[in-house]
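Both complexes shown next keep chain A, but they swap its partner, so chain B is in the first and chain C is in the second.
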Partner chain A sequence: MSLTVFVGRRLAAGAVLLAVLSALIFAATAVLPGDAVSAVAGVDASEAQRAEVRAELGLDRPAAERYAIWVAGAVRGDLGRGFVGDRPVTEVLATRLPNSLLLAGLTLAVTAPLAVLLGLWTGMRGGAADRLVSTTAQVLAAVPEFVMAALLVAVLAVWLEILPRVSVIPLGGTPLDVPHALVLPVLTLSAVGLSVATRLLRVSVADAAASPYAEAARLNGVRGVRLAVRHVLPNAAGPAVQALTLTTGALVGSAVVAENVFDYPGIGRELQLAVAARDIPMVQGIATALAGVMLLVLLAGDVCARLLGAREGHGR
Partner chain B sequence: MTTVLTPPGRRARIARPGPAGRPRPPLLAGLGTGLILLLALLGPLAAPHSPTEQLAAPFQQPDGRFLLGTDVLGRDVTSRVLSGGRTIVLTALAGTAAAGAVGVTAGVLAAMASRRLGDLLLRCVDALAVLPALLVVLVLAAGFPGSDTALVAAVALATAPFSTRVLRAAADTVLSSGYVEAALARGDTRRAVLRHDVLPNIAGPALMDTALRLVASLHLTATAGFLGLGPGGAAPDWGRMVSENAPGATLAATPFLAPALLLVLLSVCVGLLAGRLADLVGRGSA
Partner chain C sequence: MSRQIDRRAFLRRGAAGAAALAAGSGLLAACSTDEPGPDRKPGPGSSSRSGGTLRAAFVGGGASETLDFFNGPSALDLVRARAWHGTLGNLDPSGPDGVRYGVLEGIDVSDDLSAYTLHVRPGVRFTDGSELTAADILHSLSVLAAGSKLPVYRLAAANFDLAHAKADGDLKVVLPTLRPIADGRMILCQGNFLVVKDGTVDFQKGMPSCGPFRLTEFTPGQGSAFERYDDHYGHVPRLDGLELRSIADSTARAGALTSGEIDFAHDLSPVTARTLDDNGAVELVPTRSPYLVGLSFQMNMGVKPFDDPRVREAFKLAVDREAMVKTVFYGSAQVGNDLPAIGFPDYAEGLPQRAHDPERARALLKQAGADGTEVTLTTGPETPGMVETATLFVEDLKKAGVRASLRELPAGQLYADFSAYAALPLAGAYQMPVPALSTYQMSTAGGSPSAFGWKESATDTLVARARAESDPAEAKKLGTRAQRTRWEEGNQVLPVFKPNLNAKAKGVRGIRDDLFEQFPGFSQASLA
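Here is the complex of A and B:
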């Protein structure tokens, strides 16, 4: 099966899965339409006002019909308008999603090389260093992101005052205009990502280092960095890419928390605000978009693993 | 909690022939977990003041009346810390129990059903696993605002897919073993095999898996409190206390540090306990 066919099939499967997930998200948020009405009309609105709002929002129609209308719009690139401020959901996605992707990209740029280094080191060495790094990673992984973020803020921003407490981005600017505002969010996310990725990588490196292939190389006198880079890493690369893919998935959740702590103008912050305001169309749109991003990340991971696998088969 | 978890530790200590450097039984982590769980569950009874009433000026330093000072609204931090853990712990436990039940049922069903049906079931479970856990919590919180049950359901939904995979693999191993084949060959019904062979033998992996999920559940419930989801209002909650008092950390450190440290300690202890338990069970069955 060529790569194009593989990607095509996976994209088709992903589209079906996205449709299923969007239906689930729609169902979870739309079963209590009464609450959406109170959110818009106010809690003490009269019955007549409530009925009017319900008709205006189209909530008097059955849920299946509303979902069909929503899907028809979504296919044309229109995800509806939020209850709060009447902003088009797609516009919010277009302005906020790039900020979040920047945050995720920077975090991966910090995490991936460090995780590979630490994974190689601990997986091949073993011993005291391995135990120290593994235990640290386990402890770090157990600390909830928001506690980590709050502690970092308390120490670096409030106590030492070397970094800004919140990531205030100038109106119309991008986060890159104020690089120091990115430091704390990226630091928080990297700590979380690193603890997850290092542990997963350590396992695949240890497996590769124990394989007969690596043993043969070791018996041939290959040692140290050369053994790690030429012989162990290529064999651990497939599982390693999977590990990094899983880490990226975990980062999507962590990013919501980090963006909230630092008031970073990303999509996670927008999602939390929408949930707090019971802004159902906004929640549906953002949640479906995030599910789509997750599916793309998983697909990218699979393609990378496939390419690496192919190279292993032909080369070396 | 601790009483359930001690036996594997004790057994391993006797059975371990191992070379030096093998992990010790998780005594310290077990003790820490037990103490914090006790504090969280029984704390509300020991609270000296009302946890929701405004009693003094905001951010007062600790003194004889308020042992940990007062928080951003002038409420007693000691009482709030003592009362704020119960919801988190109970929600996490309920979510984990629900996820465990779903995981065992779906896992065993997938293993015992025909191959095609089992694969289909796993596909559905995998579809759910695509959604990040916090996204599930947020979406359900948007659909059922302020509902405790929705939070429990969200925690269960977010963690159950992984349990299902693990338990299906465990049940598959048992089903392909010699004694199950013998039992089926001598004419035992599938229900008898399920009761006498499969369930007792996957109990160990199921317990271990549940312990691992408890860590994730604690994360999720604490984070939900921090983001202001779940039951709202003035009710004390360690996660919400961190977010309420973090801006005033320079004025008074205790209202922010006390719940943060308790959450870190609880998560780390349960995490270490679950990890060690996984090692012990893994070695015992190997």
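Here is the complex of A and C:
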């Protein structure tokens, strides 16, 4: 099966999956207790006012009908308007999703090379260095994000004063306008992903290094970096690639802690706000978009794994 | 795609540059026409520098916020609107009618309390040069405020017959009341009622406005930028510009303040505020009465044991108010007396302060056969301090012999399912600072769902009579009688009023001079 066919099939399957997921998300919003009326009309609204607002928001119609209307709009690219503030959902996505993708992408850019380096080093060397790195990684993986964020802020922003405490982005600008403001959020998010990927990679590198294939290469005089990069890494990278893909995909929507602590304008907090206000169109739009992103990232991960596999086949 | 973004970024920069140029020319104009305002007192020692851009941070509504403040519920929405638009007036205890008028010269009340005449201040100009007239006020009140779903704006429609409001010439608006009320000035001039131009439907950057500042930049969820409006009625602000930022997390707001990225941080949590105590560069400026938020517990009279007035009294006696003020708010809060709206003119301050008396509470519960009764208090982190006070209340109740427990919902959950909320036996709540009697009529009278089973037509009548009384002394008497019934038999435990714990950089002055400090305006602020 050529790569194009593979990608095409996966995209088609992804589209079907996305449709199913959107229905599931809608069902989840429908069973959430309560509605957006308190968020829109205030807690003190009378019964009559509540009924009026409910009708205005279309919440008096059956859920299946509301879903049908939403789908009809969604296939034309119209995700509706939020209940709170009446802003088009696509506008919110357009301003916030790129910021989250940037954060996740930068985190991947930091974690991937470091994980490869540390994984290869510890997996092939073993010994004291291995124990040190592995223990550190274990500790890092166990530290909750908000503690990591607080530690980094205390050291880098408050004590050494080399980085800003919060990501104050110029109005109308993007996070790229103030690159130094990205450092703390990226470091915080990298810590966990790095430790998980390093530990995974270390195990598979150790396995691959002990395999007869690597042994044969070693007997043929292949040593050091060449052995690690040409012969061990391609065989060992599979699980780590999958793990990194999963964490990166999840990061796009669930970096809420980092977004809050550093006031980074990502999509995760928007989703959190929308859920709290029972803003169904917003929840539906953001959650479906995030599901789409996750499916695409997973696909990218699978393509990477396939390419690695192809190279491995070629190498033999 | 990326090219498109580059182009947009470029266009934005271009726009920002143009805005900067415009701000620059505004600055020049301001220097040449620098009028000696009546309230310009130079700071002690150094003369307070005219100009500069003040940066302030608030909790906003995220990326879904718009400029339509009639549909924007967050603190930032109102603060942004206050900077941008003219106001009918603000509450001012030292003012002649208890208010300080904005785009109005005054409000006359007819002898039978059936109509209010709003006199427009002549010569107020919008940024497009046109003069503010009665039509603009009428549009803002009877179209925009009347169509709003937010409780603050519904107050107008709940008291005035907005459908029959009319302009009398260019400078007079006549508002008929729905029933006779004497406290209408206090309702119209609470600071919430802002004026936009007649016919405004869409709220956009560049629309005409007559507030102290004009909007130059707005990014939903991030913030907005303003420059001084040099033709502002009354006085021209001292600041050259204003930047209102959205920073949702309390600690992040405090961090931005201490690291100098902002000059003013709104509504910090008690713990965060405490960490700023020994910071020499910043200063805490908590809001003062009446701008205090009441934290309360509602007892559902439709549910046992709260149908018994002795149980309700016991719960009120059991709570240790001083302990809440000390441990939750480190002293910067005020003890409540089980009635909302402390500090407003119609608040019954003549009633004795309820004591902390666990012994009497225990005895009352025994009398009512409710000792050892099981009660769950449901609350959530809707405003700082809410869960902490509830935790203390549960401990107090245990000491009085109630088997109390706490159920804490995640943020945003408490009010989301309102019918479930109104059916809770014991629920946490908070009261925004609004006048006592008009609010009672709107949200408690007539067995409203948020009254938790309180239905006393005698009290409702008394409140209506108090509001319809033009003799202030008599009105006070009637109002106090109504509130005494609530105090004695009511189903609300209100132990604490907490301020908004705002903080500012040391050099910032004049924020309180703008009144309505709960949602600060910056028209009289200056940077040292």
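The rule we apply is simple: the second predicted complex is superposed on the first by the 298 of 316 C-alpha atoms of A that agree within 3 Å, B and C clash if a C-alpha of one lies under 4 Å from a C-alpha of the other, contacts with A are read in each partner's own complex, and residues count from 1 in each chain.
Rule of thumb we're sticking to: contacts are C-beta pairs under 8 Å (C-beta built on N, C-alpha and C of every residue); 3 or more make two chains touch, one makes a residue touch a chain.
What you see is a predicted model; the values in this text were computed from it and never measured.
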| message | Taking chain A as the common reference, can chain B and chain C both be placed on it without clashing, or not? Answer clash or fit. | response | clash
| message | Taking the superposition on A as described, I'd like to know which of chain B and chain C A:W159 touches: first, second, both or neither. | response | first
| Who does A:L187 touch here: chain B (first), chain C (second), both, or neither? | neither
| task | Name the contact category of A:V275: first (chain B only), second (chain C only), both, or neither. | result | both
| field | Touching partner for A:A287 - first (chain B), second (chain C), both, neither | value | first
| said: Just to be sure I read the superposition right, which of the two partners does A:D86 touch: chain B = first, chain C = second, or both, or neither? | reply: second
| said: Per the contact definition in the header, classify A:D263: touching chain B only (first), chain C only (second), both, or neither. | reply: second
| Where does A:R50 make contact in the superposed view: on chain B (first), on chain C (second), on both, or on neither? | second
| said: So in the superposed three-chain picture, is A:L307 touching just chain B, just chain C, both, or none of them (first/second/both/neither)? | reply: neither
| Given the touch rule stated above, what does A:T95 touch, chain B (first), chain C (second), both, or neither? | second
| Selected from 135-143, 207-215 or 225-233: the stretch of chain B that, after superposition, runs into chain C | 225-233
| field | On chain A, positions contacted by chain B and by chain C | value | 32, 35, 153, 260-261, 274-276, 278
| message | Which residues of chain A touch chain C once you look at their complex with the stated criterion? | response | 32-35, 37-47, 49-50, 53, 82, 84-87, 91-92, 95-96, 153, 157, 161, 164-166, 168-169, 171-174, 260-263, 265, 269-270, 273-279, 282
| field | chain A partner contacts - residues on chain B that touch it in the complex | value | 21, 127-128, 130-135, 138-145, 215, 218-219, 222-223, 226-229, 239, 242-243, 246, 249-250, 253, 256-257, 260, 263-264, 267-268, 270-272, 275
| field | chain A-facing residues of chain C, complex | value | 9, 12, 15-16, 61-66, 68, 71-73, 149-151, 154, 217-225, 243, 245, 247-249, 251-252, 255-256, 258-259, 261-262, 411-413, 415-418, 420-421, 429, 442-443, 448-450
| Which residues of chain A touch chain B in their complex? | 17, 20-21, 24-25, 28-32, 35, 131, 138-139, 141-147, 150-151, 153-154, 158-159, 249-250, 252-254, 256-257, 260-261, 271-272, 274-276, 278, 280, 283, 287, 290-291, 294-295, 298
